[in-house]
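Chains here go by letter, A, B, C and D, matching the order in which they are written, and residues are numbered from 1 within each.
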Amino acid sequence: MTSLIPILTLLIFLPLCGSLLVLALRRSDAAARGVALAFSVAELALCLWPLALTGEKATGAPAGFFLYQDSAWIERFGIRFTLGMDGISLVMTLLTAFITLIAVLSAWQVKERAGLFFSLLLALQAAVQGLFLSLDLFLFYLFWEAMLIPMLLLIGVWGNGRPVYSTIKFFLYTFVGSLLMLVAIIALYLMHGAQSGSYTFGLPALVHTTIPYDLGLWMFAAFLLSFAIKFPLFPLHTWQPDAYCDAPVAGTLMLGSLLSKTAAYGLIRIAFPLFPEAARALTPLIYVVAVLGIGYFAWIAFAQRDMKRMLAYSSVSHMGFVALGIAAWSPVAVSGALLQMVNHAVTTGALFIAVGMLEERAANRDLSGYGGTWGKIPVFSFFFLVFNMASAGVPGLNNFVSELIILVGTFRVAPLAAALAFLGTILTLVYTVRLVQEVVFGKEKAPLELKDLSLREAGVLGVMALVVVALGVHPGPVLELFRTPLEVLLKQ
Amino acid sequence: MEATLFYILAAVLLIGILLAITARQAVRSIVYLVTSFFALALMFYLLGAPLIAAFEVIIYAGAIMVLFLFVIMMLELESPEKLAKPNFKNWLPALLLAGAVVGALVVLLASRVQAVPPGFTEIPVRQFAFALFKQYGVAVEVVSMQLLFALVGALYLGRRR
Amino acid sequence: MSVPLSHVLIVASLMFAMGLGCVIAWRANVIMMLIGIEIMLNAVMLTFVGGSAHWGIADGQLFSLMLMALTSAEVSLALAMVVYLHRRKQTVNTDDFNSMKG
Amino acid sequence: MLPTYLTLMLLFPLLGGLTFAVAGRMLPRTLVEVLACATVWGSFVCAALAAAAYTGPQVVTLADWFATFDLAIPISLYLDPLSLAMTVMIGFVCGLIHIYSVFYMREDEDYARYFALLNLFVFAMLTLVLGETLPLLYLGWEGVGFCSYLLIGFWYSDPANADAGRKAFIATRIGDVALMIALAWLFQLFGTLSITKVNGMGFLMPVSVITMLGILFLIAAMGKSAQVPLMVWLPDAMAGPTPVSAMIHAATMVTAGVYLLARLLPLIGGSEIALAAIAITGGVTAFYGATCALAQRDLKRVLAYSTISQIGYMMLGVGAGAVTAATFHLLVHAFFKALLFLGAGCVIAAMHHEQDIYKMGGLRRSLPLTFWSFLVGAACLAGIPLTGGFFSKDSILLAVWLKGGVLYQTLYLLGLITALITAYYSFRLVFLVFAGENGHVHRSSGLTVMQVVLIPLAILGLFGGLLDLPAYLGGGYLSGFFASLPADDLPSASHEQEIGLQTVAGALALVGLLTAYLRYGKGRAERMREAQAQPSSLISFLAQGWYFDRLYDLVLIRPYHALARFLWQRVDEAVIDASVDGLGSGVGGAGRLFGRWSTGKVAVYLISFAAGAALILGYLAWLAL
């Protein structure tokens, strides 16, 4: 039954079709919006399907994968269209579908060339889905680059502030990184081909390549650099605040919630399994960078007056935990890192949306423009508080669980790094309560006419809040999905 | 016998080209070149490629060179005073670079010990045709497309405004 | 016939070098530069045919044929361009054509 | 039955809190008030039922929270004498304070938020007390902190209130991080986070590790229980509504640190150094709080500093290894401090939210019920013989004395001095507020009910000593009840010794009372005059809490602000970002340089091409040579 319907291919091409359809309908904003919404809902529904199949074993699939699809593509170079889904991919695709749906809903008010906007959103979704599913390095790289195009357009066309500057910076950074990755991929391809005689980009095969230590170090470094830029890790982050701030809300959401996750996913799926020795050698570096990043970004976030910029720094600071968990490369730590990826996507995404809603109302992102919103727009303030507390790691909400798992998992391997990273959470709380304080509490600093959330906005934030609470109270099912794939990944 | 013929032809070829590139007038250089290409065509024949030899005569010596002639005459470039003749300063870098290229090639050739004994096999036209239309069918299509584009391009450039 | 391949290649390289020299030296005249290019291309063809004969494979000859087709396309376009440029600038001196300046 | 009771005990306030948080605005006020009280009293009833059904220590696992590989965190609760006593106390005190709140907050529009937070607080506090695994305990630990943050800043439109909330949240977070790190370390050592299991395995570890763990837990307790040096937040926390101060910042939350240490004493008791550190922290804090309380003018700040001081006593007790004594004092303190705060709330409500004690007076006649209850509370605080506070405080001092050694004897002396000061400032408060004339008050409808609530607390405070009478009076209920707790094997004192020590302490308390009477009862007019004048430097030193706030402002907060701006503008933007931008413009410049090469002249291109070809060929030839 499942082998008859290529779910994985559908997962990629459904949004792509949606994107083209929306593009065709771009003359009517309402129609484009409706179709985009329909397609993102359909994609989410399609993502839920594999949940029922997790127990199965696909034919010909590598260990841990329950959906697998492999067909020839460019045989000349051993490039195949190989897609596979294990628990990690499943959670990531679900996350992608969810965040895209939220992005579509939060971009409801886009007026200017709305059709093109939604089309790009869906195209971006297709690329991200493809990236999370591909098991062929070439395919992975293709999707990795393909993500850039819609993202750049989203920032460049609909951005505010200095969109062109931010776009170019973003492009240059990520492109430099991905070129290095391409070099490493090709080198790996050639080495594997020379060793085994079969030239292939297939990830399961490439894992068995024997790589000399020195060369492996360089290749891992290339991958690491590429992923670290997208992550972003200290000190490769300077594109990030600009890009996050200048992008439209939906763009920031996609960028912060999904694109940064692709980098972490790449580290887990590709870089660490391919170069275990090099990874071990460079782990101390990642620890340092992650710990530095957590504290440094939290500290800088405190100084920001622009809310979106503050959240941008907050976002990188939280991604430091993901890096920390991955670097520890122990089952507990990595499962924590994966959970943190999901949590970060939801929490930070919700905060970006909330700030976007404020900006929509008052055309102002500066902290000094707000204050005392609790008395005026209580529903908004309630959600804002909830998401901020989640971000600060209040238990019962989602971020706490993942951060705790990462701490516990990392502490076993690197106690000092874990302890220092957690000292950083004090700084996280400091800027979070400052944000809450200046927006929700205190006196109104400038007279504002604010309207409370509309039904759509309340729905968007409400759903996200539900996810935040659900993942905080009962993350068990998600963690369970990570178990089998991690057992496989870490055994290699 | 054939080898001697080959060397004679080679001499004709090289002398013809030398004269062609040093000729004062473009028309003359074309004529020298046609001569050289005839010699080249014969060399192709000697090397077992009668078809290429024929094409060389028909297309190169016949069509392309005539095209050159047409253009030269159309633009009235035949009189030598209209053209700046290269002086020694122009020739110096050309000689240096050409010398370097030849020297390097000769060194390369000399360093390679001939693994296979000298000798040539003739390739029958049938084999040639098989290779052309079976193995390289796509290439033929591509080349034909290219010729079409060139045609369109030339027409576009040449139209009167 | 018993000419070593290397002799063919030497002839071809001499021919190529002369074509190159022609292109460089006659920079004032587009026509002569084109002629130089033709010479170089013929040198390449000679190499191809020599190789083809040496190893007894048709591919070399085949490529000479392709080259010929290519050349005719190139020449026709190039000459059309010469005519066009001459019509615009009344010269064939390449130093006067510098609209591709970076 | 026990699991049902425990589940319901937690679920009542949780559901109440969530309902009010989500839908509170849509519900009628009376319904919210009734429901809020009902849930907490429901919890109390469940706690009482659990106490009735209690047979022995028991772990109840309700559900899974999360599990990944070998890290499995169930939602499991642990009922033993310690947690049982705490839950009953929490249910009772919180229930009373909820009733009190209904009337105290009569005029506030934002009742839904208030009761939502209050109910959530009760849930979190019960979770903290009952949690069997450390993460669950942490859930409660951080949950009470969160509720306290929002309740301190309840009247958010005044930035000072919100700032106080923020200060509390951040200061306690410092401790929380220590707890988290300790938790991770425990998991690394033992592979489990169950408190009971960890407690049983402490002896497996070297003492140095236990010491470090003990210190981490101590830091956690310092944050939550406002011990030196993390105590600065508690006085400011008085910005919240008075019932909140009574409930969170006197009776329950602030004692969580003591509870944590008592709970983990079997583990950290293995290290004498850790115990000594706890004892020193407690002793110093007790002294610090008492001295500061001497000079305060704000009614609630006096009580806040006294809370710091009294928790110091409890820590001292834990440091001496006397869990029973510490818990005894914790429970009695909860009653009498809640009583004092609620009494203060009545006074404040009657005085139109005036909190300066020098502007009060004569309330003895106008608010007799409040006066008598407050007097009982002050007597307990002062340790006047035969009150509950007297017995509980003395059991701690006794334990410290019995522990022996130079350190503990010094701490005992410090404790005695503190007791003297405590008695003095307690009655200073009583005399200033209730003695004298001008007793005009503003009577509101709720004031009667609010005063009635004081009565049960006063009774409990007064007769709280019965919970654990000294051995010479027939022994205590609590000691017997707690006998099952491990690590509570202290040398017992002879009756004579005990009586002797209690006589000393009682005498000191009476001396304090007398002095206070002489200065503030007889010399009231003179003191009132002095209050108008500029305070002496010693008085302002004490009134400002030994200038700790200013010190932290200077050493931590200002550098933090400055460094944040420095890191952002001077490091992030000026160095890292600019270096990238500089790289960009450098590449651009190089590009322009190369760009000059492309003249657009074919000849230049040709020569370059030919030269390149020659170069490559030359290189190849050179290789061949």
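We take it that a residue touches a chain if its C-beta (ideal position, glycine included) is under 8 Å from a C-beta of that chain, and two chains touch if they have at least 3 such contacts.
Everything quoted here is computed from the prediction, not taken from an experiment.
*Asks:* By Cα centroids, which chain is closest to the centre of the whole protein?
*Replies:* Checking distances from each chain centre to the full centroid gives A.
*Asks:* Work out the mean Cα position per chain and let me know which chain is farthest from chain A.
*Replies:* Comparing chain centres, B lies farthest from chain A.
*Asks:* Between chain A and chain C, what's the gap in Å when you average each chain's C-alpha atoms?
*Replies:* A distance of 55 Å separates the two centres.
*Asks:* Starting from the mean Cα coordinates of chain B and chain D, work out the distance between those two points in Å.
*Replies:* One centre to the other, that is 95 Å.
*Asks:* What whole-number Å value describes the gap between the mean CA coordinates of chain A and chain D?
*Replies:* 38
*Asks:* Based only on mean CA positions, could you tell me how far chain A sits from chain B in angstrom?
*Replies:* Between these chains, centre-to-centre, one finds 59 Å.
*Asks:* If I count partner chains per residue in chain A, which residues reach a count of at least 2?
*Replies:* Counting only residues that touch two or more other chains, chain A contributes none.
*Asks:* Where in chain B do residues touch two or more of the other chains?
*Replies:* In chain B, 93, 97, 101, 105, 112 touch at least two other chains.
*Asks:* In chain C, which residues are in touch with two or more of the other chains?
*Replies:* Where chain C meets two or more other chains at a single residue, that happens at 20, 23-24, 27.
*Asks:* Pull out all the chain pairs that touch, please.
*Replies:* Result of the pairwise touch check is A-D, B-C, B-D, C-D.
*Asks:* Show which residues of chain C lie in contact with chain B when the two form their complex.
*Replies:* 1-11, 13-29, 31-32, 34-36, 38-39, 42, 45-46, 49-50, 52-54, 56-59, 61-62, 64-66, 68-77, 79-84, 86, 92-93
*Asks:* If we count contacts the way the header does, which residues on chain D are in touch with chain A in the complex?
*Replies:* 21, 25, 64-71, 135, 138-139, 142-143, 146, 149, 153, 156-159, 162-163, 166, 169-170, 173-174, 177, 180-181, 183-185, 187-188, 560-561, 563-565, 567-569, 572, 576-577, 580, 584
*Asks:* What part of chain B is in contact with chain D in the complex they form?
*Replies:* 93, 97, 100-101, 103-105, 107-108, 111-112
*Asks:* Show which residues of chain C lie in contact with chain D when the two form their complex.
*Replies:* Touch list, chain C to chain D: 20, 23-24, 27, 33, 94-95, 97-102.
*Asks:* Of all residues in chain A, which touch chain D in the complex?
*Replies:* Counting only chain A, the residues touching chain D are 169, 172-173, 235, 237-238, 296, 299-300, 302-304, 331-332, 335-336, 339, 372, 374-375, 378, 382, 389, 393-396, 400-401, 404-405, 407-412, 415, 418-419, 422-423, 425-426, 429-430, 433-434, 437, 440-443, 473-476, 479, 482-483, 486.
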